[in-house]
Amino acid sequence: MVVKKLLRNPLSMIGLLLLLGFILVAVFAPWIAPTPEVHANDPYRVPRYGWGNTPEPPSSEHPMGLTQGKYDIFYGIVWGTRTAFQVGLIVTGLSCLIGIVIGSTSAYIGGKFDEVVMRFVDVFMSFPFLIAAIVITTILGRGLDKVIIALVIFRWTGYARLIRGNVLQVKQEEYVMAARAGGVVHRKILIRHILPNTIFPVLIQASMNMGSIVVTASTLSFLGLGAPEGHADWGQMISFARNWILGTPDNPMAYWYTVVWPGLAIVLFVLSWNLIGDAFRDIMDPRIQG
Amino acid sequence: MITYIARRLLFLPVVLIGVTLMIFVAMSFLTPYQLVSTYIKSPEELKNQSLDDLVRKYGLDQPVHVRYINWMRNLLRGDLGYSASANMPVAEAIARRFPATVELALFAIVPVILGGIWLGTISAKHYNRPLDHFSRVFAIVGWSLPDFVFGLILLMVFYGVLGWFPPGRLSMWADSIVLTGDFTRFTGLNTLDALLNGRPDIFWDSVRHLIAPVMTLAYLWWAYLLRITRSSMLEVMNKDYVRTARAKGLTERVVMNRHVRRNALIPVATVSGSMVLGLLGGVVIVETVFDYKGIGLLTATGAQQLDYTLVLGTTLFYGLLLVLINLVVDVLYAVIDPRVRLE
Amino acid sequence: MKTKVLSLIVLLLTLSLSVSVFAFDPETFVYVGGAGGPQTLDPAAAYDTASGEIIHHVYDNLFEYVDGDLDKIGPMLATEVPTVANGLMSEDGRTIRVPIRQGVKFHNGSVLTAEDVKYSFVRGMLADPAGGPMWMFFEPLLGVQTMRDVIAMAGGPSDFVEIDEVDPAILRKAYDLIDATMEVDGNDIVFHLVDPYPPFINILAKGGSWSSILSKEWMVANGAWDGNPDTWPKWYDRALEEMVLYDKANGTGPFKLDTWDKSGAQVLLSRFDEYWRGPAQLKSAVIKNIPEFSTRLLMLRAGDADGIYVGQQDLPQVRSIPNVVVVEGLPQVTNTVLFFSFTIPVEGNEDLVGSGKLDGNGIPSDFFADINVRKAFGYSFDFEAYLNEVALGAGEIPKGPFPQSLPYVNTEQEYFTHDLDKAAEYFKKAFDGEVWEKGFKVGIVYNTGNDARKTALEILEYNIERINPKFQVDVIGLEWATVLDRLRSASLPIFVMGWLMDFPDTHNFAVPFMHSSGTFAGFCGQGLIDLAKEQFDELIAAGIKATDPAERERIYHELQRLYVDLAIGMPFMEATTHRVMRDWVEGFEYCPAYSAQYDLYYISKVQK
Amino acid sequence: MTTPNTGEILLDVQGLRKYFPITKGIFRRTVGHVKAVENVSFQVRKGETLGVVGESGCGKTTMGLSIMHLIQPTQGTIRLHVDGSWTEVNEKTIRRLRDKMQIVFQDPFSSLNPRMRIRDIVAEPLQAHGMKNRRKRYERVEELLDAVGLGSHHMNRFPHEFSGGQRQRIGIARALSLNPSLVVCDEPVSALDVSVQAQVLNLLDDLQEEFGLTYLFIAHDLSVVQHISDRVIVMYLGRIVEMGEVGSLFSSPKHPYTEALLSAIPDPDPDVVGEQIILQGDVPSPADPPPGCHFHPRCRYAQERCRREIPELVDVDGKGHFAACHYAQDLNLTGVSRAETA
């Protein structure tokens, strides 16, 4: 039924198709953009075609051109799809999991425990995210895995708060009491009764965040953090464009390909997740049923 | 209400101590020689100097807990320490840079909210019709464009090509008046100070510098507000009282303005608090691109140079701000929505 | 209706704002740098280029280079350059008399005396902030490196934490030692050097911000040390911001410091109308710092900036802009070097040395102690590719550790070439063939943000991995803070670093690169320290003490030969520099010793 | 009506209290208590239906939940007679006793987890009590659904596919799944349409007979209780004000509050014009109950003594009709003639 509704809405249809496209690209990356022999042991390293800095426009060998540092844009985009999914799924998955576990237990147990946990959450939320990410990557060193850690550390609180609010409501419901009266243990009540009735808004939120994590990663690249230089990562690809967006005085579009391809990849990726998330929310949210 | 506020404020020191403690714990993973990089910013400055002398001079060889206690002791005396990356005391750096960011955020919040609500209303009114799709995609594109990309494009168009909105906070001539002339800095907000000093020319100049960064921020945040407005509008539109209003024969316009929009705005009002915070904390990139010297840029640069006194000071400040703004939002929420009771 | 009114207002607003207010200001020069603002304006503490940039315009020195030629020194605040010929320098080069120019006014109106000159140097040496440039005075005058050393010379401890712990009598003795190095004799100041030190005059010349001349009267009035031989410890090694000259300045230079707007990251300078050589043409100058290149570029295009900092790799973008002049190929005395660490710790260093054994999955601790390995790396590097593709031809391939524009450098010295056969040959010899047979894996490090150095390492990686598939090189970027930490523990097997001269003398490169107590020996492990003690230290000491140019040439040629033969490191670039400015900027002068990008005194703006 | 006057006692509640703390100030100091249930003692006999009535907020639901230990009672002893001996119901024993005591909730819409199938909802207590075999569980569910008048073909459906009455049957089936002796019915029909109410009440009646159940039947109006109960407890502000056989209580109430409640029951005979007693004022706050008899501000018979002294619950007629009123003996209160419809 949900699927049918998804397919009926043209926008969510587009979202689904886009996502499917990205999944295909990610899965078939080794065939779409074969790894050159020299980097066979590290396919995520984008090949360079020259040691210079200046980008080169698309050609028959490099269908999307070479970006700053002569990195092949096409290769970076194709393999970057995998990175985008990896980072998106791991960050959202982990922070969602942590948030759900902590938020729901805190709300379910309530009382002093809840109070303490919430103050703890407050502490995490008092850090401006970018600053925290900078400090963490400086301490742990640069790398995608460090970015993931930084993102998870400061993302779970949002989910924790969201689910806590929901659990506080649901735990008052009579079916929860009924389950207790039936002798069901707390853990099972939480898993079987409370979570299924509270988790959807969180999952919808998470699906929308999936996309924007790529944007955040690009921001980190812009600040000189993020993936090591040359790693197939859209965020980095687009941050390579920072010095070239202006073009030349007589041709502002001189280096369009450095911005457009990675920009397009990010926008479409974010768009697909958002459209799907929006659609799910519209479907799931009984309040909006006309 | 008063007890509620007092109770929330009671937790303030707890949160702030937690925040600073976390930074110190994080810093304890760093070696003195990593920390000393605040004072030697590039390899070229290494020269014939002893790193150990610098470490000793700035007390970086002391154990973390000693440094924390020292820092706390100074804090209680009102001294936040000296920032090597900002070349001034941390308190002064915050006092100087924060107004700039506040000014930017204040100017941004109006277009962000108005534009976001407008887009959200359009979307909701034309639910699942082309206009809905269009405005949503339009907003999501803004949401998904990294801010430096959009910022640089705006900079190119409005400064590079048209010459209208230059980077920085003030033009050179205005800057020298503000810095050296008899210009009183009342608030640190250039626009306000210019008006208070009776300098409309400087007022216009600072507005001119604000437009492009504000546009960038607005486009980034529209998607967020659109989504909230849209869904709460949709929810309200299905409420009985709206149907009743329609059934009464009120025109669609009156129904929308009087019944739907007003009630739909309550959730919007609550997120605007977190949006103000997001604006204050998340303007690093916009400040970088437009050379707008605000607190975001200050903190980011400081953090990159591991200037931990600065990072501590600003995070403390952000923590304070966060707790206070959240409190204000909650209280306002209760004021706007009579159904909410503070507990 | 309401929306229409609103959009009309917006439209009007936009129109009223869009009236471009750009106006050409012929009397203000705006330079926008990008590498960070000044750290301090105190000449005794400043050691970074951004600080030197400001100090350059506010203060004058005793001497200056003539016509931008490092071989020609002329008087500035002195009236004559001391030589043995004119009798101002003693035969042995150890006593130097400098007559001071009369009637020169400071910005505060006081008049320059010889006493001011002595105060300037003595105050700097007594303050000796850690990490500062004052070693350049200690070395020639007392044969040591720091004030700490002087206190030790006077019989005090060298490991004190607080100077208050040291016996005041010893501190007084230390003061006397310093005081004795200079004496005021009427209008002259006489320096007494511990040994001959040929580049001493260079150290005092314009470009060295450490030898800026201060006004004692003004300093004392502003709370600095008052010349009392017993109170100086109060000003010893203070934090930068606690020093009087941190953000104040009073020199004899052509520009006065109006304000250092730290929160705006800009310095405002204005013309000093009573400058002893006549006032500058520019009325004022703004030196800003904007890290984002695109923003700087647009300011240049719009004419809001007269000159901007452009990295070498971004030059192609500015070359074609109309009304913008790019002056390229400006000589510098600098080099970029790939260093090998002779003794690498294995523990805690696994990310770089792998297994720590010669088993194909790492390198042993003494990997680079084997000369064959170092040579093999040297012959693997593609110098031409780096010069032409990365540096875009701006510079030269070195012939050893000393930049070729310095005196006493053998430009005929045979040096590494890109020769993979030779590299393979040395690899085969290394560790009795074990390296070739088993292969290795090593992580080589650049500090993140420096793309050119990263590319250099990638060129090395590409070539070495082509020689033998068992060779594995990983190029690893580390944050600067981490690089610094690991340099301190000498745990980077290979690292790249640049060196910019303080004063144009080969000695200024010989010490850091080759001396056992030099900067890089400390980063390259005990292996290099031992080698240096044995083979280099004596030569270096003899080189600086020699007064006969022929003798100096012989010594430095020998040092250069040893460095290359032993493949201590692999210098791969001597870069030239460039300036980017609007075409209305007239009177651009350049000297490789200048710490400022533009010498504003000579500059004027003429609209075309 | 099979009404054993005396008989074996199944549940014994003595001195049950449930206080909710009232906190104030920044430090959340406890400044007082809401005495939701105050010193309640009664007994439930095996096989009977004990009705509990009172206005909203009088503490009857709290009492029910406290007995079930779904909320923690503040004080008091609750004992259950199982397998020939008395077991105290407390935190430790409650898990073991869940299969002896069950509860049917008020709101059929909120008491069923919307995301679970009916078979799982009904089977859940079985599973929790160690019936590991899924097929056996479902067989039992089928029986139960059958017993409450729902076909087993409903098993795979979700709650939202059912009407309110059907849902309440599911709730009952769930309560019965463990074969309890005591079922607390917490206003089980108040959320239902009147026509459905009767069906559910009849079902409960039938089930009682079939399974030999004992009910503690909580309701907010007497008209529901009169058909199903053997004895009735009337509560006011957390206290029992009157307790007695249904016939005696209805025909000759001994407490002015009961009289007022009774007067509100619409008489099925339109000719009978009863005097409706309108209670003055609102129910006072349980946090700050009036001194003396809690009912006195609204009592039309109130005397000076009522303002001072809290009346004891005493057996008025010596035959098990209790009332907490100083003037229970003296007042001649109007009851209703019990229409024997059940």
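Residue numbering begins at 1 within each chain, and the chains themselves are lettered A, B, C and D in the order written.
Just so we're on the same page, contacts are C-beta pairs under 8 Å (C-beta built on N, C-alpha and C of every residue); 3 or more make two chains touch, one makes a residue touch a chain.
Keep in mind that what you see is a predicted model, and the values were worked out from it rather than measured.
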Chain ID, smallest distance between chain and overall C-alpha centroids: B
Contact-richer chain pair [A-D vs B-C]: B-C
Farthest chain (mean CA position) relative to subunit C: D
Gap in Å, rounded to a whole number, between the CA centres of subunit D and subunit B: 56
Separation of mean Cα positions, subunit D and subunit A [Å, integer]: 53
Intercentroid distance (Cα basis), subunit D paired with subunit C, Å: 89
Separation of mean Cα positions, subunit C and subunit B [Å, integer]: 38
Shared-contact residues (touching 2 or more other chains) in subunit D: none
Residue list for subunit B, restricted to those that touch at least two other chains: 30, 34, 152, 155-156, 160, 288, 306
Junction residues of subunit A, two or more chains touched: 138, 224, 242, 245-246
Residues of subunit C defined as touching subunit A within the complex: 292-294, 297-298, 301, 313-314, 316-317, 320-322, 385-386, 389-390, 392, 448-449, 451, 454-455, 458-459, 462, 465, 476-479, 481-482
Complex contact set, residues of subunit B against subunit C: 30-31, 33-37, 39-51, 53-54, 56-58, 82, 84, 86-88, 93, 96-97, 152, 155-156, 159-160, 162-167, 169, 171-173, 175-176, 179-180, 204-205, 207-208, 211, 288-291, 293, 298, 306
For the subunit A and subunit D complex, residues of the former touching the latter: 173-175, 177-185, 188, 192-193, 196-197
Touching residues (chain side subunit B, partner subunit A) in the complex: 11, 14-16, 18-19, 22-23, 26-27, 29-30, 34, 127-128, 133, 136-137, 140-141, 143-149, 152-153, 155-156, 160-161, 223, 227, 231, 234-235, 238, 281-282, 284-285, 288, 296, 299-300, 303-304, 306, 311, 314-315, 318-319, 322-323
Parts of subunit C lying in touch with subunit B, wherever the complex brings them together: 14, 16-18, 20-22, 25, 28, 30, 35-40, 47-49, 130-133, 135, 145-146, 148, 161, 237, 239-241, 247, 258-266, 268, 284, 286, 290-292, 294-295, 298-299, 301-302, 304, 447, 480-485, 488-489, 497-500, 502, 511-512, 518-519
